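Just below is one structure, and these are the notes that go with it.
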Amino acid sequence: MFVKLINHTPDPERTVAAAARLCYSSVGAAELLAGLKDGDVARLLAHLVESGHESPIEHVTFTFAIEGISRACSHQLVRHRIASYSQKSQRYVREEHFEYIVPPSIAADAAAKRRFEETMAAVQAAYNDLLKLVPPEDARYVLPNACETKIVATFNARSLFNFFRLRCCRRAQWEIRELAYAMREEVRRVAPRLFSLAGPSCETEGVCHEGRFSCGRAPLASHTPNKARVE
Amino acid sequence: MFVKLINHTPDPERTVAAAARLCYSSVGAAELLAGLKDGDVARLLAHLVESGHESPIEHVTFTFAIEGISRACSHQLVRHRIASYSQKSQRYVREEHFEYIVPPSIAADAAAKRRFEETMAAVQAAYNDLLKLVPPEDARYVLPNACETKIVATFNARSLFNFFRLRCCRRAQWEIRELAYAMREEVRRVAPRLFSLAGPSCETEGVCHEGRFSCGRAPLASHTPNKARVE
Amino acid sequence: MFVKLINHTPDPERTVAAAARLCYSSVGAAELLAGLKDGDVARLLAHLVESGHESPIEHVTFTFAIEGISRACSHQLVRHRIASYSQKSQRYVREEHFEYIVPPSIAADAAAKRRFEETMAAVQAAYNDLLKLVPPEDARYVLPNACETKIVATFNARSLFNFFRLRCCRRAQWEIRELAYAMREEVRRVAPRLFSLAGPSCETEGVCHEGRFSCGRAPLASHTPNKARVE
Amino acid sequence: MFVKLINHTPDPERTVAAAARLCYSSVGAAELLAGLKDGDVARLLAHLVESGHESPIEHVTFTFAIEGISRACSHQLVRHRIASYSQKSQRYVREEHFEYIVPPSIAADAAAKRRFEETMAAVQAAYNDLLKLVPPEDARYVLPNACETKIVATFNARSLFNFFRLRCCRRAQWEIRELAYAMREEVRRVAPRLFSLAGPSCETEGVCHEGRFSCGRAPLASHTPNKARVE
């Protein structure tokens, strides 16, 4: 898996802080942006996190080049709708020498690995044969979920927070979890304070919202019908 | 304020339950929808709530006719972007006899009320005068935030959950909070089990996420940087 | 392919017409909805189409049960982000007897068909073997794009218009085009006037926006930089 | 009105070009980004425009500081839902010396201007009196649509194209049209080729989609039910 932050809004933490302050200020954003000291930025970011005021963090976006993930993983990734994607097309790009992703559970079992690899070889041969008879967009129907894909994805920080909350969780499949960790590492390099609290709720709130599927890392959040709770 | 649910996806709870079950079933949705017993629906809805599996509740939408709210309130309402709106236009509809919303704090204070009402009368007179000189879309620049508006709003259930979480909270302004309660009452009539747990986090989770602005109704959720929390 | 409209906002054309009229009326939506005659609805729908006033058509949603499509097709479908999806999960549902979609170009060629079917059989055998060794979510990495999936999809009418514009076009792949036609047929049964003008721009505007990839069914729309065009 | 592009994705045209090419390439995005020559960028951007392939332009975002617009205008602006906003709050910021926007039709008519200004003064006096009696969030109910606001808005390029198509049109009200032109000028400075074709359809396609409301600058696009058009 290759994950690289190839572009992002410059000076993301200062931008978020200026937008957040604008709501409570009579001064304009351009002036705020110029005047914010580093200590102000830190304080405003801490305050956003504390008060759950999420909308200012939408103003900064992050663009990732992602390679070496499976189509199984990209199918999960693109279900995150508040984001933008450009993906290598199997309709237009021929996969005569496709690479594939081997799940760790398969890599760790010699019999499974052998079975997996011989299947990939058989599929590759079939694909190449079909390519002589039908268009690539139809030949690709034999290609496996394991088939490697490349994708460019752009998220704003708020959508990333949601992504990390769901996909850094142990309930997520290993591949998209690995992707989420790699993306989080990338954005933490350029906006460490902003993303310090991005992650699953066991990490950020000390509770789990996964109910009976919880891994047990943190106690379950309560979900009691409000009639029982409220006077 | 007049809030009426004028349309919604029929049989919303069964629809949500069928969509939720599809994810884990080898049977199709049409068949699931036909075959679900009422007990199944109840069990599946409880399970969705418990496990935080929110996406199936997007399949049902609710359309509200809303009248007798101020433009101050509608400006807050339309900031909820995952929803659809059609609003009475001040560009095209003349406001020669506009109605206005009086905030309770003003209604409760005789001096404030008098000051408010005389201002509304002065603005109405100015608007009517301007209407003889300029187009309605420009005359309306004198109209107040208090000016009554009408709007049709359609939300899916997931977006409503978010709306109720934020706008039934005591930190929301009184008018949009009143609107949120009225909308919640409407949808609870047609989908009581689905919306039983919709509301602010003090009601649904027993914790508050508003930080220093908390009204104190529930203890604050912890937000500790994950380095401190995670091994 | 099985496509069935399993649910939708009742009385969709009247709902859209009432929302559209609200913008230009001093009467509220509930009253408008009750008072609209069928001729008014027809006139208002025609007017929306003529004036490109698209937002009122968002108030009605349509939920489809879709079965017998490939994962290749569902991967394209879920790229439409203004919609809601619940899909049969390959992580949780075992595919011991998966069905698969055969592209027409392959079905029409005996050699291709034989090659395709023997590959599907080989993949099924490999999957079943892997299932004894690893979890279903990992065994599925061998499953092909052709693998049948089931999905529930909910679109509002505006998003459907966009979907039909792009996916009823001959540049779309045969499978999602077939899906789009089937969905359009379904919604035209319940809202014929609303969807009469939904389709690719060659049908609805008499021009093509696909540039050099045009199938030639309609002349290309011009795209001239505006400096050349505007005085 | 003050409109300033305060932040944006660096190197926006190259970023868009790299994302666009990825779809049709077996090379990854990071490598594409590094390798693209300026001529390639120009050619790829022209191709996107020609073929209506809009999704790659979502990868770049633009953040504007906007001041000196009315609340009437900001109410229209925030109706564009595929964007992010942080707005100066009338709940938390006191408007003891509010500025206001004077519509040109009013500024041009001495009688109208006098009437408008005396009303603004009366409203300011009433607001200041109310502020002694009630909270700012309630006192603001007397404030006019003309009241000046400040807002930070972030759009991706695709959403900007839609914004410019609708709001640079002569049917848009003068204030948001002025805003749209100012925003377009800002982004054309940093991405001239990308935004060369952004504007109303009369400029970009040579046709008008406004039906009976057309200003007549370009001939109407045809909208004929497809049964009449298609074989």
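What to note about this one:
Order of writing sets the labels: A, B, C and D. Residues in every chain begin at 1.
Note that a contact is a pair of C-beta atoms (placed from the backbone, for glycine too) under 8 Å apart; a residue touches a chain by one contact, two chains touch by 3 or more.
Owing to the predicted nature of the structure, the values given are computational and were not obtained by experimental measurement.
Listed by label, the chains touching chain A and chain B alike are C, D. Taking shared numbers over all numbers used, the chain B to chain C interface scores over half, which places it in the same class.
Chains compared, chain A against chain C: the Cα-based superposition rotates one onto the other by 180 degrees, nearest 5. Inter-chain spacing, taken between the CA centroids of chain B and chain D, is 26 Å. Note on chain placement: the centre of chain A and the centre of chain D lie 29 Å apart, centres being C-alpha means. Among the residues of chain C, those in touch with two or more other chains are 85. Chain B contributes residues 70-72, 74-75, 78-79, 81-82, 85, 90-91, 100-103, 105-106, 109, 111-112, 115-116, 118-120, 122-123, 126, 129-130, 133-135, 137-138, 140-146, 173 to its touches with chain D in the complex. The touching residues of chain D, counted against chain A in their complex, run 2, 4, 6-11, 15, 18-20, 22-26, 28-30, 33, 55-56, 58-61, 63, 65, 67, 84-89, 92-93, 150-152, 154, 156. Residues 47, 49-52, 196-197, 199, 203-207, 209-213, 221-227, 229-230 of chain C are the ones that touch chain D when the two sit in their complex.
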